[in-house]
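Labels run A, B, C and D following the written order; every chain starts at residue 1.
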């Protein structure tokens, strides 16, 4: 069992038939997340070095692809934004209640999402007591999210995705907007969420009107989701909160490993959230 | 000259023909911001106590209503979110380049926006190192924004407005999304912004691809705005940053006073932003 | 087994011979921490309501009083500052290398130490981006620390104790200064520390010149300690870092329970520190 | 008029008789702060490149050396810690009320004190939500402080100086401890402070029991000071708060310039503190 957490493009040379014949790999980079090679190459500015493994690689969003992960030799561990965004939107998109072409995702991330490199932009005094958008309309997680939403919708989905840098260490908050296809009740939508996640151990559907907050998932593998119907506008607001370093990275990698080895899915992952 | 900064509903008894015949008033509460009495009463849960002054009250968003403010006896100083949102959206809405019914506003605010009351929700340990939405689809600034956007659009506008609480002292960041009515170029939109704000002293249109950040306006009366065309989706993302305690409150009140008394508009307001 | 975590003075009525004959108590308040009743009554401004149990109560600083805790019916769980301060100073004071009357303690605490009450002083905007001392020369943990240091020194010890409020959620950092009685080498002092804590599971003596930081103990029951000899001045600087909510409160209470029930001392307490 | 703000050692080549014959210099580096060349060379690990100007250079702590600054061609602008520390200790040391050899300085600084270089140690996630000491017993500001205190005391003074890194952008807080030579009353010490600073425009002696906080001086040139007599221990705690980027750097440089050119000392420096 190997976890690879390399810069983009480096995992190509690490994956081979010889290695996969001997062990399983969970890759935390983006190299095998996107099925469409051209899309990968366009957004990452790289030539894909091992396209022969793309088809085999399973996108390791456990809640959606559990059975494929169990049988996989090579798992592409999802990005942090794609994990939280996809899980936030999945129930209503799957149920056909929202217009797939109307989705707008406004994302907020703590600073650990930027890595530990010594860059001026990530210095304490640059990040503390301020907020900004970044990568507006150009963030590399956009095509990864779009591919997943397209599978769910059964049609090509294009989204508007705008991430923001927040003065906090950990955490991702997704606020996603979409047009409802028709009038719905709270109870109807709630039933859709419960059906989608009722059996999930790491996705918690919050009570009515409770909002996901990153503090309630910090340090844990949980994703908290909820929704709000805006009757005045015909929108639904779908929200999700997650720890980018756990469910958004290492935690989900362990979750994938557990599935690949037939272990209980929660093994090593039941650490409680830490507040404050 | 009187500045009133009272809780909602309290300003009614302070305003009278007798007072207005002797002095001018800038009211920092919401009591005279909304022209439609029924809308005010519905969102604020109050019976309006002085409807006879609503028509006379000028909405003190100086950049849009400068001439009316100059002649006003009673100015309703705008809310913090409405100021930043309206100024962010104004150029493209006025120019007719966006669909007025497609506007989604995702707002982020520092904690001083919540006031200085002793509430558990605003304690340091509740706010630090976390982020959440609040007042989803129900925030009282929504109808105030809608009224202003309706004037600009020349038709009734309904928006989706979702504010978030950010772990920082000051600052508001607006990220607004809308559908472009047709294909546009950067230069074309830029010209629209320059025409709208080229002569303004407190609105700064940033360079291409620069994003507004609250740190660059902190402590000042500036509003920084910019936009990004998302060609893939046909959206435009309109962004604005402002200090909620200055341009979003006391600073704009002084700006209104300056106009009402024929003083230079920048008097007392040229304090530089403080970074870090 | 009962944990009591009541405001000062409330635990008196909860402790009785009848209860103690049936179950054990770990009290997290200050009510049974101080052996000298007059001192307690002076600093807390209360009349002690159950002085008959003071003698029996064991001061639950596990590393110093392990054997007494094992046999105790009633344990007074130490305060956060006293735990970190006493453990920081203990090795050198016990070894007789510092002048007991020269100790100055400069303490820094995160805001969770102030509790969750709705007080203006603890609002986000009051605490963020600032630092101050509080309770200068008057903090109630002073006599508790002095009593413990007096036991260790074998003579009455009086200290200067000044806590500071730091803009962070959790954590206590102690910087303690004392005069060395004679010239010492690093190796000599290091050996004293190793002898004191070599077998301890929750006290970590850091490598030479490493400084304790609260982030390396956050969420855990660890106390990190170290020292620096200042040859120019004849001082030694003793430092300790701890999570006030774990080793400084609930964690140490569990550690005491473990000892009282003959469980492994680390049961339930091996949660790793969380950084960032 | 030239302000030099160069890395240590670089100012040597910029200062010459020719330049000083034509213009005045305020140097913000440490190059001319320390009168004893050997001390400078030992702590900074540099050979001093222009020792002929050390004697002429005036230490620009305006409140102490105002008259010399007025006549100076070359002013060494003090370090941030030395400014706040010296001003905190000055009144009682000058008055002979404290033992000069008993001074312990525990300092806390915001992160802007570390500069804007891209270092991992100053990344947001390394600094946020934690606190640590650094440069324990070895910080380069120590000899600068000692030289100033020695002038004030009229005898060589050695101090223990320990700075800490605090998760905030700006601000320095000094907590200094010393032994009182004899019993004193609050009123007596207060009179000493008032005599020292009663005419100063930038040093504010706070009311009894008020503690200096960095938030009340942020963005301004003020230094807030106060003291607390600890009768139990015979110590006095002297506290000072200051903005390291204003009075601790650029603000004091302007204050020096004002003196050198016969301008009002407050010119350009009356910006109000910004809270929150």
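The rule is short, and it goes like this: a residue touches a chain if its C-beta (ideal position, glycine included) is under 8 Å from a C-beta of that chain, and two chains touch if they have at least 3 such contacts.
Bear in mind that the values here come from a model prediction, so they are computed numbers and not experimental data.
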Most distant chain from chain B, judged by the mean position of its C-alpha atoms: C
Comparison of B-C and B-D (more C-beta pairs in contact): B-C
Between chain C and chain B, distance of the C-alpha-averaged centres to the nearest whole Å: 50
Length of the line joining the C-alpha centres of chain C and chain D, rounded to whole Å: 34
Rounded Å distance, chain B centre to chain D centre (Cα mean): 42
Contacts with 2+ other chains: residues of chain D: 112, 125-126, 128-129, 167-170, 218, 276
Chain C partner contacts - residues on chain A that touch it in the complex: 112, 128-129, 169-170, 218-219, 271, 274, 276
Chain D partner contacts - residues on chain A that touch it in the complex: 111-112, 116-120, 122-129, 167-169
Of all residues in chain A, those that touch chain B in their complex: 104, 106, 108, 110, 125-126, 128-134, 136-137, 158-160, 162, 164, 166-171, 173, 175, 177, 211-215, 218, 228-230, 232-233, 235, 237, 239, 241, 276
